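Okay, so chain A shows up in both of these, paired with chain B first and chain C after.
Now for the complex of A and B:
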């Protein structure tokens, strides 16, 4: 379970996925063009160079960051809620963040406030979920049900916003963005994702060993000298920050945050000090590959959210059955 | 150093105190057993002493410092808590579970280091699970899990260890193994507070015993003074018989259904001791 040799492969996965993304598309690129562009050497047609460096590279990096954030946040949420069946979407965080971002779009608010709105409403959603779950005893199932409830509530609000939105420009923008897409990702967006979320990802990476203690019973965590409430709040803040940024950039992308941590645990074991970085790296690789598929499978783009659903549901079923076959419980 | 409760009270529901005015001291290196019927407040008292549940009235003192004025980290360096067995959601290895005992000694952002691993492995050895470090904790038997949690308590390197019914749900061999192990901790200078439902276990393993009833201390002192059939009748509302074996082994068993076995004891020549004990229970009845 603790093969050290796995780490180079885990690092290589997203790097290779991003690299491969540069070649593939409506205008296939050769090795020479890609490498020369990356090294800022001459001899590459300006259009090819612009396509590689100005379009494909930022998009692939954006996909890697969004995937890494969603998976990292998913692993952290699963840990602190002691529930291998949750991610930001099931907890309602994604719907809350999406509502916040859509509200900001509707009101025509500048970009940094879009993310702020997404963050604020994502936090509100997770707060409501925890509140409802506490009220009903807080088992694995209750948490999922309250997540679904709160998520539905925000989805309903989102419907209201769509109804109110101008059907000519704002509505298509909201709808397209909600389905999940990285097609508009340029360097400014990559920079934004990177800067905003280094804090969130950094916090999760720094706290990663403590997540083990938080994944125990609350009283045990306190008995081990952890200020559990405070630490859990920090983890929720960091995770929600990551999800809000991912949602504002790429819409509602499900499953990555739920499945990647399971795959990571299968490779590196359950210790969160390995699960968090492994999830981030694998999520980055997965979403880059999926985004590559979304823009190259068909002549027009397949929405990313659609694709993650098609891949994610069978993958989840597989994990679920394996979990049950090994005698895992859900209470 | 002493860990002491000074007149503490606690109520989950206002007006229905679970503990009222309880005072209890655990001295350095001693083994203190806490008995009492279900709902008498044992677990609540354990949690109050462990810094996990702040009493509504009174104080818990570690030495002469108010326990609830310490940070969780400072408190956890002095007091360890061994819960009843639980199953974590994630299949941590035994070593990973024991390493979590090092938490109060680590910075917020630091994972355990080599020295922490050594301490954790030593703790595993102390509970007799040397070869178990890499095994998934979730696949252990109940007795082994209990030992791992005790090892985690040892790795915490606290001066006081509070154990919530360490003998529950175990077969007799493991019950005895766990309690003998715990008793041995006093030679390391580690004081333990153990709750149990089995008075015979307390007779066997405790120097001092406290008996809780209805949220108050009914009696406390040396085990043989506290655990008399009379006191137990007061606490549990049922009759016990003290049986003494040829080698001085003593057991407290329910009086009902005893006559036949008591008579066999009498035939073996320990009759005087056991009849004296059961006669002691009669005035209360």
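Now for the complex of A and C:
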């Protein structure tokens, strides 16, 4: 299913979402103030300028990057595992990253290293998964089983840390982190997200042509001259990089990586060379909109993980059902 | 068919029996009737806030096992508490102890909080250990808990003295503020993150009101709430208090570029609350000093000498002389 004009719309979605985000928030500011701030014109109160350029803009960009990374990685994982129910959790990335962050918080490590811990343990988890899987032949089934095992192990360690954590100061920090939030995302965070992930996103976009081969039967892939195991490993590493970076910045934001690729498929068809970029763009726009709601609906922030579920699931369920009703498959 | 006469005999028999055995029936803060056999010599506290009342009432040696309020072994509050209770290392429970750990201490009584520990009453009742449920989470709860514990431990006079101290401070501040017609500054209470704030339903907000401040988060419901920086700018607090626990410091806010737009930051009226044994913002007896500390920061013109007040308070209720380093913290 191809539609003309879908790509400009897909690109416009995140750009428009970020742009609109600059105009909306709890603090009342006129349209003129926002526009003048963006154009670096004078006559804007310093508070408004600091809010628009220093708070709203980096936060919206951070949301777009995190959403894009999670959705892109989800699409890639679904492709290589030939399974529509797969997302970053299947390989234990999220569990590893969550454990790393909780460990850092428990040990009282400075806050700016918490992200580093999350990132390192997210990678470690996947490294373990790939190692175990390779030892036993590297088939998709072995990979998924070892992913579930490693993920469960880290989840158990996370439970232990939560049990040991001081309920007065450490436990709230861990809980907050696990719920997921982009609150406090400033330019330094956007910089980190961007730099680390250009590699991951770039690799996925470059590999996306070959991913179609992985969706075939493994023997067919070999027949086409593709080393399926090696290609899969590369895709896993690239996807992991994206997820670990997203999770380490914004905590556990569930669900986007699972369902966005389905919506993307409904719009651009099953070809991975299209699904991955389309998922990234949709995830970026989608999370930006949700984060805008999260920070502007009420006086207190609505947890992002709650919003992704409440707003997103019905919307995408609709898309998905319509796609099925028209006789589309998941691939 | 049971005759009224038979019922009366049974009732008298039960009453006589309880007098003979020396039991006392109290109504706890969950409205349950609990039969206790005084003197209570071995108590286990599963409710950290209640634990701190035992120290203020001078019965800490009867505590055989207890949870505390964010207390870490070896920390300054730990050292302070050890000096009024050398047995602390043996009775300190890092997390909520299990049924068997509690029973191993052979308690006469268990103190618990119905909200944090909903199953405690049934759990220990099955082993014949009475459980008193306490809710010292707000001013009303503090009054009830102090009176109840005074009665249970036979130290009602001391409990009355402790409450009288609190009530006198509350009255004194209310009189000050109304007599001098002091304005109520807008106050924000920050928790373990700069954008995590105390809601209107929390004790911290009650303290701010009693101290003559106007809590900007009065409308927020529930427990700690995460807010957006834009909301803080809208509230534009004139004073910011930071909880004693957690890593947030006044410097974090004073040096942040976006927070510069906030009145409290411009006026450098951002203060971290002190902690001696327990944090001063938690509804333990030390929060009575927390109230004075807040009032001193909100209304410097009242000339409240927190260091002197704290010296008297810790000497009278804990037999504790504040060391130099803590005097600096309290006065800071």
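Here is the rule we use: the second predicted complex is superposed on the first by the 256 of 331 C-alpha atoms of A that agree within 3 Å, B and C clash if a C-alpha of one lies under 4 Å from a C-alpha of the other, contacts with A are read in each partner's own complex, and residues count from 1 in each chain.
Basically, contacts are C-beta pairs under 8 Å (C-beta built on N, C-alpha and C of every residue); 3 or more make two chains touch, one makes a residue touch a chain.
All values derive from a computational prediction rather than experimental measurement.
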- prompt: Is A:273 in contact with chain B, with chain C, with both, or with neither (first, second, both, neither)?
  reply: first
Message: If we overlay the two complexes on their shared chain A, which of chain B and chain C does A:5 touch? Say first, second, both or neither.
response: neither
- request: Scan A:169 for contacts with chain B and chain C and give back first, second, both or neither.
  value: second
Query: Just chain B (first), just chain C (second), both, or neither: which does A:314 touch?
result: neither
- prompt: With the two structures laid over each other on chain A, which partner does A:43 touch: chain B (first), chain C (second), both, or neither?
  reply: neither
Message: Tell me the contact category for A:184 with respect to chain B and chain C: first, second, both or neither.
response: second
Statement: Listed in rising order, chain A residues that touch chain C in their complex are 25-28, 46-47, 50-51, 54-55, 108, 111, 163-164, 166-169, 172-173, 176, 181, 183-184, 295-296, 299-301, 303
Message: Considering only the defined contacts, which chain B positions touch chain A in the complex?
response: 47, 50-52, 71-77, 79-81, 83, 86-93, 96, 100-101, 103-104, 106, 108-112, 156
- line: Within the complex, chain B is touched by chain A residues 1, 79, 82-84, 206-210, 212-213, 215-217, 219-220, 222-227, 231, 265, 269-271, 273, 329
Statement: Seen from chain C, its contact residues with chain A in the complex are 69-70, 72, 94-95, 191-197, 199, 217, 219-220, 224-231, 233-234, 245-247, 257-258, 260-261, 279
